[in-house]
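Two complexes, one shared chain (chain A), two partners (chain B, chain C).
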Partner chain A sequence: MIAIKVPLVKNILEANDKISDLNKKFFDEKNVLVVNIMSSPGAGKTTLISNTINALKDEFKIGVIEGDIQSTYDAEKIAETGAQVVQINTGGACHLDGNMIRDTFDQLDFDNMDLLIVENVGNLVCPAEFQMGEDFKAMLLSIPEGDDKPLKYPLMFHESSVLLINKIDLLPYIECDVEKIKRESKKINPEIEIFEVSGKVGTGLVRWLNLLKEKIRQKNDPK
Partner chain B sequence: MHELSIIESIVDIVLEEMPKHNLTKVTKVSLRIGDMRQVVPDAMQFGFEVVTKNTPLEDAELLIEHIPITGQCEKCKHEFLVKSWLDNCPRCEHPNIQIIAGKELEIAEFEGT
Partner chain C sequence: MIAIKVPLVKNILEANDKISDLNKKFFDEKNVLVVNIMSSPGAGKTTLISNTINALKDEFKIGVIEGDIQSTYDAEKIAETGAQVVQINTGGACHLDGNMIRDTFDQLDFDNMDLLIVENVGNLVCPAEFQMGEDFKAMLLSIPEGDDKPLKYPLMFHESSVLLINKIDLLPYIECDVEKIKRESKKINPEIEIFEVSGKVGTGLVRWLNLLKEKIRQKNDPK
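For the complex of A and B:
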């Protein structure tokens, strides 16, 4: 039998992109700003999110989606802030995707929300591939991870609008060239905004909080 | 292992396309994957074998064309292969480079009977 050739040229992740577009539309209708937070495991995402909520919760209503392969530790920690929170356990998948986000829609009250923070699964590779309908991506790189990460994991730096260089309070104890991180991140992504912060101690968080406030206001009042 | 999610999407797309061309068996799938995608070829081959078991794609050959990263200088518009992220434009030394190829993640074509 003669084989038939079918030319296709089709984006493999098209199905996910379509669901993400639907999610984006939904978030836009609800005027909810959505930020996708990515980093390697242990970079300090949950602590940063927790302290971000505590700083903003008098002014804005905040929801959180926690992504982990297993466990509910992070959701429990976020729940202490009083924010609405849903835990997704991916069961093995190393990233969140559009469908997983959509599955949480009946568990969160989006009419009472200005900001949705999505904490992706800890991983510097895969989460960068999958859209979920977010307004922007922010990544954390904690200085104990080392200053070689931008060149080792360029896609995540390329896709993120914001880089938070975290655990900056540990600088006296750690060999890490912060200027090199900044320089090489800007080389991969000239538009990336970089903040040096300590999510735990609170150093440098004001600029990050101001950026969120400004974006929430823009989303609430698109005119 | 984003390779597994990528393969599952490939299988879904091909299964959806097959009836449109009256195909019952797939013998070859050709992909175009940009080097920025950080996809591991061995993991793709292994995952493809596992995921396609007991489907019309079983035993199909998986071909991957790797697309190198191409940058374009923001200033002089010169196009060149990006070997290192630290490279400036080889023509005018401008530091800002736009990526114009290397992020592909596509099924180019498939064959079947």
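For the complex of A and C:
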């Protein structure tokens, strides 16, 4: 079964890369910065995205694609911020891919958008394998998940440009070595930028917001 | 791409079901109770399994299969309990399947085993789709993951006979409606048995242990 599975997966990934390249061209033409947000279920993606929109919406036009297996729960929360939002229900699939993103193109107004935030399906494994045409990937790791995660799920850490260590407000109540997370993440991906944040308390977001602002401005004025 | 993917996945699942049926026959002949433990990354599977072994090891012979994408970190922790343990590294695959379990058959002594605990890869999506020949599935949901998880990841709740709501000691510090988790889980799966536990504090395990003891005895004395 392994012998059958590998080539199929490879074909799927190659087909996906082609569609993602087309998506990337489209986003570049529209000068829209696209970030793909990934994490385990319940690590705090939706809260981070809401906080990010609320902090940036006076300055930039923001769109969101919400990926979930089913339900529109997260899209409804994001809609409260006033951002354009589209929900993708994967109907069982454990990640978003380039094709699913392409299916939203007639439902979002990219001419009125500086930043597109894609919330991937909650999963620390598969989303890291699938490009979608994004400019960069950012991952959340919440400290209740434990400090062994870089060692056990290295691909996600390898593929992400940014690691947000979330729920840092829970540190007094949890055994988690944040320095170990940073050290192990840097071993896998020396270029990764790491921010400690708390979506609930709202602290620690400034560096993340500054990074987004800088990247949006670069994309709008590529020279 | 979706149109290509669906039949492939179906073939993989059908091939897996056949192997799992063979595994089930083998486990039944050996009178070994097999439980497949699933959850998101960092929900506390390894700690629960360690605690379970330590509580039952004087009464029953226990084996463990540890599933991880890479690393032998969890298997080393389990080995400290004195249980037989085998590590499966999936090398990227996001779940265990029947074939991987079969590959351990020459590495474990099933004639000296009453209970086999399989720790699946941390993932709230894909493991629920793949049988391995187990008697039943048990899932953990840790309360920092949030009370919306049954709604968003229903298949895992549907497939599991037991739900362990873990890290209940963190309730004072987290916004999580435990009654909502129970209510939504029962809607998806009215038969699911739900236990509130804390792997860290060690409380709440008695009902889980009693359930395992009863099932081991039934398996050893099928009549």
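Convention: the second predicted complex is superposed on the first by the 211 of 223 C-alpha atoms of A that agree within 3 Å, B and C clash if a C-alpha of one lies under 4 Å from a C-alpha of the other, contacts with A are read in each partner's own complex, and residues count from 1 in each chain.
The rule is simple: contacts are C-beta pairs under 8 Å (C-beta built on N, C-alpha and C of every residue); 3 or more make two chains touch, one makes a residue touch a chain.
These numbers were taken from a predicted model, which means no experiment stands behind them.
> Is A:C94 touching anything from chain B or chain C once the two structures are fitted on A? First, second, both or neither.
It touches chain B and chain C both.
> Does chain B (first) or chain C (second) touch A:P150, or do both, or does neither?
After superposition on chain A, A:P150 lies in contact with chain B alone.
> Kindly classify A:V125 by the partners it touches after superposition: chain B alone (first), chain C alone (second), both, or neither?
both
> Would you sort A:E14 into first (chain B), second (chain C), both or neither based on which partner it touches?
Only chain B; A:E14 stays clear of chain C.
> Taking the superposition as given, does A:I174 touch the first partner, chain B, the second, chain C, both, or neither?
A:I174 contacts chain C only, not chain B.
> Would you please give the residues of chain A that touch chain B in one complex and also touch chain C in the other complex?
On chain A, the overlap between the chain B and chain C contacts is residues 1-2, 4-5, 8, 12, 15-16, 94, 97, 125-126, 129, 151, 153-155.
> Chain A touches which residues of chain C in the complex?
Per the stated touch rule, the residues are 1-2, 4-5, 8, 12, 15-16, 19, 40-42, 68-71, 73-74, 92, 94, 97, 99, 121-126, 129, 142, 144-146, 148-149, 151-155, 167, 170, 173-175, 200.
> For chain A, which residues count as touching chain B in their complex?
Those in contact with chain B are residues 1-16, 93-95, 97, 125-126, 129-130, 150-151, 153-155, 158, 184, 187-188, 190.
> In their shared complex, at which residues does chain B touch chain A?
Going by the criterion above, the answer is residues 1-2, 4-6, 9-10, 12-13, 17, 21, 23, 27-28, 31, 36-38, 74, 84-86, 95-96, 99, 105-113.
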